[in-house]
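Order of writing sets the chain letters: A, B, C, D, E, F, G and H. Residues in each chain are counted from 1.
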């Protein structure tokens, strides 16, 4: 109902003064407040429900938010969860599942269809926790994920032998620590966007992932953009945004 | 001609031993070399022809590559070009056009249709050169672009008043120097991927764009990924990759 | 008593040689030493009694200083206190109160009037410990504080819906980790000074708060100045200095 | 005119449908856009007209903005102006004045009263350009300024001999490069806020002001907050905000 | 026994061919090896016996070296010792003394005269461990030390009131963390060398002492040189070298 | 079996069409996959079997890989192993040996001949763990190693007295933390390649080895190249590559 | 003449006391001084004559050293030479040759045989100046060099198609700026040492080559060591040291 | 004249009220002001007259200060002077002398005796400008200086052959860029204080001298302290302070 329509219906008496006022009274920011609520609905519809960053959350707060999310959506998804947090949540949500490698603590409905394709590539076995955070996030958001692990550039044939999978994906997530060169090589092999995730894997001059971050930001390959160190969740999120466009496209055909 | 066919034709004597050998002798990498050539064709087809990074190129080399690109594709596009380089190229390609703000030196066919929508947002007027590099790159690659400039977060209403445009886009490019906070605010307003471009605009502790880069990498908003400082071209490229998915999707409907 | 008066009184015998000597003997720096004592008095009068930085203080020292402060002023205020330190002090000052979130260990007189208004804004829930250190410090120093928490820029409407409170304050404290963009947005919304506090909240390229610090220092908004990472106390202190000017002004009207 | 009043007057026919629509049609953000315009007015009233950052602005743009500001406000103020820019502007605004040390290019009305007191302290003679940018900015915004220059901490008596001036001010600006220790010493001498400005003065490990910035951010004195390296303008702005509170207070008495 | 003497005594048969050969056979570097041994003697004579850096040394190794030093010199001095290491050494050298603040684990002869004067100044109470490492090192090497603690620049009068002591010293050690400005102020008060010791005291942007190090290196005062963060031992060593020159001078007069 | 041979044998019917096809069908990357396997064989032949980076590996994974390596090669070599990991592996491979200083967990055949010469020099005793990682790695790969420890540049004669050993080596590994100057001095003494290994030994401004790394990278001596901080393994590997060339050369003579 | 021989000849009167004394009187360091002279001879013999770092050398000094080198050795080699320096030297050595890309200013004898094989690989065309400095340095020192340019990892097939050349070399030099990933990929393809040279090519977060340096230092491939940014000369030098071992080996067979 | 004496003489009428008042009226800081003047005298007496840092000084200012210094002291000494500044000063002080290598612009009385001994060592020829700034500063302040140049650690024998000179000095200044290892080696050869001066000589990872600074700060040799990058003046100053102690000592004997 647009401004003019409200005014006309109000003059005609179809809506009361109070109703008209309530329509317009929304201060700009209160309307934004409303927008936020609507947005929440939209998010649920679009498949991006809120996700819980567990690390550092007090136990009580974590329990409350898990219970609320679970009750509201019928599913719940948290990242960076510890084994202790798993045990706490398991007491109130017995169906909860915990992946100690990825630190994912979730209950996911089994009737969700996963669409499109995201390839999650990782350089070394030590990068797998971050890669799994990305993969499971993307899956929770409804993306189909293919894992291509242990394909670091120091043994380039391992990556090349999986080129077909990587090229089929709507979006590729490249997870690497140490020298972080994986993203550049993948960027040269595919014509879809590559989301690069530096990891804190390494020692010495890796500076907790800063070296890998710089490598990826400086990539001379086209079609690469970078998220924060160890931010598997962030990569899974934006990759899903991209994948959905591809999915709609493929469905439209 | 496939492997089996070659083998059968060879046994039948339709091709000689030498011919068969030459077919299989291709070392894997030589076959990759072939692949590269095919890939070039694919790039032309898919609308990502090569682009010239002009800065620092010797004059002779620049002239050769501009002429070759222009002759081959009927159009040519270069970034980071100086006024001197413009004058040099203008002698051999009189139709060439130069945008001194963006540093773009190009001739673009006028019959290209621009599809989808990318919103290019910039924080301050000093960020416009990078924003224009992004915008013109995306346009050259066939994307429709809406410019939303001078919407820095220190006057947040300027950005908010353009929310509708930003939300319609398939992808948003957020260009900002100094504190680089623009990307986070946009990330909270849209549900499409945001490609953040830090710029070297600023002084003092901006450290030539490093501060803005860190800000953007640390963004707590979802759906943001970052390219190198001042890398408008890179942002225009990946945004076009994303936009094309949205375009196909919209066409498919 | 001024120099000339002392000299005249001394000559008249109204004060002895020893008395005159003791007046003048004060070496310049010893007079400064006296000044320091007077200053302490002035500080008490002006409402800035000493505050204890508890972290790392040996137990005995901490007990002595708490007891001395409590005995002298009737109240005592410490920051960065651990639960163990709370238990130690509680043995000697049973009325002591401990806030485990802010790490504040204090006993505050209940008859203090809080004046003016400082708005303490924080970006995320993880920033609340620093925000509370700032808020409680300002309150201890006599400022009225309004808390505006969880208004990070990635959901800008949350902040905008509280604009009225923020604009009423004599000074705004903006507490944020990760990308630290909150200060710039607030700086554009108010015409009062904004004291920005970067926090060490974040991971990866947040570099323990350095990224947020750089963001805030580079802010393109007017009226922003920055204190050290996690320095809630420092922000509460300078904000109170500013708030008092506003208070006097408002009282003067 | 509030929402309810508009609705009632509209129903009574006192305002037309178009008039009512124009009142409500303002989308939240468009209303913010209006707000921005009003804000501009408020800024003029409150004495914070826009200021021009000259460095890097194209000549044509600079001329347009100077002429517009001059025509609108009867005065105009720009920072980081070069001698060349002065000559360009002098052609169109002959009364313009240029301070080559501070890089200030301005025409200021002579009938403005300067109120309160800001002390601008600088460590070395090489810091004077930044100190003057701060001082002249504060003066342009209506603050009375006392300059206390060449009082670096390596000759502490120079600073101590001016303590009286510094202690009278509502706000102190401390400008220092190299080791940047000035702010801490001043912070210990006054009970008013100190705005610290690191400068890029120095060489070697001063790292273009980063060392001074770190020194100031780490100050163990109370009541200190920091702005960007060389940001005299920013310091003059926030100091004026603080000074005005003191002025009102003093006027109120 | 000099070259010529050896040759002559050899020709006269006073020493055998083998003896002469063994004198000259020393390869240049083996002679250096001898030199090193002689140097050890010289060091003992000159009062710089070896000192043990305890941190990280395996227990067995620590016991062996303590016993050897104690047996050889009748005294022994170690820095960065833990309480556990104290207990281990106390078993074999019951007279050993441990200072838990400075981390010094030593037995020092009581008949040593301490000469000259080194002033060890520290900014805050948290800097005292490093200051004590410097002071005790200098004392062990025979310097008389005056401690001037808690004289940080944010309360400059505390330092100024001790100017006389500081000016009497042959060398001043300035120990400070956080902003590290103490060295510059002292440098302006004395005409003797100042050895600056940054400490890792601080938080946030202090970056474990790097900020203080940069402050001190950039000092604009004359006569200041800097040692590594927390390197009290190094400061005590070089200050003793300087002090000894002053001592000899004073003795010579 | 080479291309031509396969073709000829196929034509002669010695291998079937399917067999020939399977030979050639290998996609380039699958052939690379095969190559990788062949390469593994070659590595075993050439003495560079895989080595296990133990740190952070889950227990089950570690056990599997140790057992597999041990069963396959009859020997096994792991770096960065903890005492706990030793105990776990000792249960399944009782002959395993653990060096707690170097963190090496290995079983090495006793019949291996060690050839050529690598000199492993280290600056301080605290650098020995990294030096031993390098030395034992080189020995495992078949190099003869001479250890030249505790030859830091602050007592240059210690190094000079060992010049002969260093000059005999085919490659020198220089291991140093703190100021890392050892590599430059050695580089000036020998005419063979020097592999420099910065270590994380130090404190304060050593920044966990970054200072030593920078020192070594900036070395003005010829013939020096650098590996990552604490990367003894990497140095042992490349030094062995170099040593083998020298060995063959010496054998060839 | 050895120690014993001198002693015996002296006793027999074959040499005088003065002669014997002069033999032994050489202080260790003076003997080192002699050694240095001998070393110079050895360097000439071994093919590592001195090379001139031209950048920043005053004209007169440059002329003297070029003339002296040319007169002494009959050839001369300088790096980082400008066109102006070329013109200055061409006046005194007309046969001098200048390569403006590599900045090499040399006269090289034409009768030198180049042995072994070093592969110099570079990522982008902008890296060629550094690659050429490495290649020409290695050639001047007598190595045969194969150039493999423009094989950056973002088009990995370009590198793979040249694998045969790279694998034949005794040592590979990998030159790359921007993300610097080339070294890791090459390291995985060859079993010979790889000398990695980061270049300052790039912009933004490349930080003048620091990013590429970090990438290379963190390489997870075996057999890689790194030299300073843009240090083509250093890479050519150490690669030649390694190549010579391979050459001798191949000659020995 | 002490406090008590003044009081007594005043009472006795030996000094007037005004005279007594003027003695005591000095406010602490005004007295400090007086102290400063006296200090200036003392500085002249003690041989540390003010020195001019020419770089960046406006021409008029430079001329005034040179003339004033020259008129007052009969000599004048400036550092970091350009050739242009030399020509400007030469017009007003024709006897002025300019050293273009060190950037020293001075007129020095010829009747000054230079005492004691400072050894100024530099690593490479490119470090000589900084070394000369140190040497000439020390000479201007009355120290005898021995230059030991081009003794970088990559050819350690060059340094060792000059050990005798270095060991005779009261203080050694070690000037080095690139890897900056010179200070550590010298520190191990002498028992006198070593003042280390990192220089900005180098390229790539030298980071304008920061690498050399870190090397020197991390030195594991005893008796080393560091001044700012390229701060030859500062080294010459503190070395003279130390040398004077040695001089007095030697004179006293």
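Brief remarks on what is shown
Operating definition for what follows: a residue touches a chain if its C-beta (ideal position, glycine included) is under 8 Å from a C-beta of that chain, and two chains touch if they have at least 3 such contacts.
Worth saying up front: this structure is predicted, and the values here are computed from it rather than measured.
For the pairs C-D and A-F, the larger set of C-beta contacts lies at C-D. Note on B-C: across the candidates F-G, F-H or D-H, the interface recurring with over half of the contact pairs conserved by residue number is F-H.
Annotation: 50 Å between the Cα-based centres of subunit D and subunit E.
Centre to centre, using the average C-alpha position, subunit A and subunit E are separated by 56 Å.
Between subunit A and subunit B, the centres computed from C-alpha atoms are 24 Å apart. Under the contact definition stated at the top, the residues of subunit F that touch 2 or more other chains are 28-29, 32, 155-156, 160, 204-207, 210, 213, 217-219, 222, 228-229. Taken together, the subunit B residues at the contact with subunit A in this complex read 42-43, 46, 48, 170, 191-193, 195-196, 213, 217-219, 222-228, 234-235, 237-238, 241-242, 245-246, 248-249, 251-253.
Listing the residues of subunit C that touch subunit E in their complex gives 27-30, 32-33, 35-36, 56, 61, 198, 200, 208-210, 213, 228-231. If you check the complex, the residues on subunit B that touch subunit C are 123-124, 152-156, 160, 178-181, 184-185, 187-189, 202, 204-207, 210-212, 214-222.
Subunit C meets subunit H in the complex at residues 3-4, 6-8, 10-11, 17, 20-21, 24-25, 28-29, 31-32. Subunit H contributes residues 125-126, 155-158, 160-164, 203-207 to its touches with subunit G in the complex.
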